[in-house]
Amino acid sequence: MFKVLRVVIGRDLLLSMRRRADVANALLFFILVASLFPLGVGPEPNLLRTIAPGVIWVAALLASMLALGRMFAADYADGALEQMLLASAPLGLIVIGKAVAHWLVSGLPLMLLAPVLALQFDLPIDALLVLVASLALGTPSLTLIGSIGAALTLGVRGSGVLTSLLVLPLYVPVLILGTSAVDAAAGGVTVQAHLLLLTAFLIFAGAFAPWAAAAALRISLD
Amino acid sequence: MSRPSEAAQSPRPSFGGRINWFKYSSPQSFFPLAGAAIPWFAAAAALFCVAGLYVSFFVAPTDQQQGEAYRIIFIHVPAAWMSMFIYLVMAFWAGAGLVFNTRLSGMMASALAPTGALFTFVALWTGALWGKPTWGAWWVWDARLTSELILLFLYFGFIALTAAIDDPRRADRAAALFALVGVINIPIIYFSVQWWNTLHQGASVSLTRAPTMAATMFAGMILMALGFWMYSIAAAFIRVRCIILERERNTEWVAEYMREQR
Amino acid sequence: MLEVVDLRCERGERALFDGLEFKLPAGALLRVAGANGSGKTSLLRILCGLALPARGDVRWQGESIRALREEYHRQLVYIGHAPAVKDELTGRENLAVSCALGGTPADAAVVGAALERVGLDGYADLPARHLSQGQRRRVALARLAACEATALWILDEPFTALDTTAIGCVQEMIAEHLERGGIVVFTSHQEVMGASITAYTIELGG
Amino acid sequence: MNWESFDAFLAMGGYGFYVWGSYAVTFALIAMEVVLLRLRGREIMNQLIRAERPRRSAP
């Protein structure tokens, strides 16, 4: 059974490797959005420092949402998803595999890029570390929740916008927890509670979302 | 082998004992039932609303601190109640539809969504109009208002998803799953916003309760809530009848119903 | 044994078929025929468990496939309309992945042999994007050669886009599978199997 | 009785805009929903009647 998990992760990573441009586009989007904010609100350092956590988190959230289209759509179009529904392992497990692979090429790079962007906003070093930690715990939740939305909108006209309409409201807790963790770190307050709550949310999403996404895939392919 | 043309036109009621009535006769048998119930619910709605309006304007006394502005709560609070209650009912029907694969459940869920969205919007609108004179701001990022806003987005998501999928059965089931995901998320969203709110504002602003909860005030709110409730049922029934006719238009019983109508 | 009980399938509000019943014993071949839109693919998807019938049940060895799920999938090869061949992967990678997903992991030798069987030995290491329509189809069908032990084959239009050699090869694989006691269900517009093999035929639609 | 005159009732102690704004929008929306529902019902009935007519004349 875990062989199937490994095969799915390996396959999706291999596919992303051979379609590197798609991966790079989402990252470029992240960098661009985050860089637009200083241009929009002005270069005042104190202001930038205040808005930095929110801006970086929102940009990361949008970039990760943008990448959701890649998760199932191509496999849906060429019939590979049908084969996954007929696989010898539970569909929930396959969704976990796809989510892991998807996070490795969309969430992980965001997490590694974020500190560089945070320097543009003059965030203190402590806050930088917390930013990375909060993204490390938060972006997997985003991928997991997003997988439900991506699965529900398969093959639907205007599925990109529809996915965001469905998924963004559900992202709110992650956004709140993530930004306030960085805020707290920048303000010199202990961040343990925030990170613990993010972890709890991740565990919850990890237990629940693959199952829901699997049900959504079954509905979409019926 | 069956011929599709025949199968589609054969009258449903004559299918015999093997058929699962639970699954097949529901929309058909519910249609006249809902039709008969609508006038009663509509009348009850009108009655409760008139009584509620009377209590809220002529019986409930002026509030010491907020003056007459507080009279907005007689629609604000019932509307907020209804917005959440309708979402729960909708999620209930959605879940029932997914579990039992009944067609009527999905129709009920999609019939409730627009009315739920309406009450959510009313709750937000009246909240803003109440907040301005009371706290001097149209909008505060209070946990309740924010959750209400997210709830509105969830309603919109539900409606958009139903509208975007052409096959009604798939649309119902996809939207049902989304409704259930939403119902699990609403408490999480509420508590996370509340927690975030205390971090940022130190609980200086609280929409939580009106200063004094006199019995007459409570009575007014309950009456209005009952009125809204009855109205929601009536509206949902009218809408579900439309949906049934739209989806079952090619069946024999609809044709028969049309013949009776003239 | 594959058994279908009182199956009804609807599209929109129209019934595509109703009250469909059959039993396929080991070694049986079933051809599903019918005009476009008569529900051939829908029937196959219901047989796999991809789609839910409006009424009725599909049973494998006497148990409902909805209860069996993964256990049933392990004994099933479905080759759908879309070949499920990824453009970015080579024929070899495609086949290895689909076998592993199906629960019959194939090592390099088996994969190579299967691709050779369908006449793709020269193309096994090319990304599928460089293959023609018929060749991609053959990559998908190579799975049959790699999954001989899998009892039930469900094939949606297996012969489209294939040249005569490839059609012969697929016919041969099907014949061998039936001899082994496997069950094959396929859709096709024409009578393609030779006269030597007796096939049940279902004609859908009117 | 809370109000000395109709004007006082309308003024709502200076909060007339907020109170009446709330109530008016609420009931306007409800009225709108009722109208939309009625239109939807009429639309589907018309469609059904139109669909039925050829079926009657054909045989």
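Read from first to last, the chains carry the letters A, B, C and D; within each, the first residue is number 1.
Please note the rule applied: a contact is a pair of C-beta atoms (placed from the backbone, for glycine too) under 8 Å apart; a residue touches a chain by one contact, two chains touch by 3 or more.
In this text, all values refer to a predicted model and were calculated from it rather than measured experimentally.
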item: Chain pair showing more contacts of the two, B-D and B-C; value: B-D
item: Relative to subunit D, chain with the most remote C-alpha centre; value: C
item: Geometric centre distance via CA averages, subunit C-subunit B, whole Å; value: 46
item: Inter-centroid spacing, subunit D versus subunit B (mean Cα positions, whole Å); value: 17
item: Centre-of-Cα separation between subunit C and subunit A, whole angstrom; value: 36
item: Multi-chain contact sites of subunit C, meaning residues that touch two or more partners; value: 52
item: Multi-chain contact sites of subunit A, meaning residues that touch two or more partners; value: 222
item: Multi-chain contact sites of subunit B, meaning residues that touch two or more partners; value: 249
item: Which chain pairs touch, all of them; value: A-B, A-C, B-C, B-D
item: Contact footprint of subunit B on subunit A as seen in their complex; value: 148, 152-153, 156-159, 162, 165-166, 168-170, 172-173, 176-177, 180, 183-184, 197, 201, 204, 208, 212, 215-216, 219-220, 222
item: Interface residues, subunit B side, partner subunit C - complex; value: 1-8, 18, 20, 23, 101, 167, 247-251
item: Contact footprint of subunit A on subunit B as seen in their complex; value: 98, 150, 153-154, 156-157, 160-161, 164-165, 169-170, 173-174, 177-178, 180-182, 184-185, 188-189, 192-193, 195-196, 199
item: Subunit B-facing residues of subunit D, complex; value: 1-3, 9, 12-15, 18-19, 21-23, 25-26, 29-30, 33-34, 37, 40-41, 44-45, 47-49, 51-52, 55
item: In the complex with subunit B, residue positions of subunit C that touch it; value: 6, 12-20, 38, 52, 55, 202-206
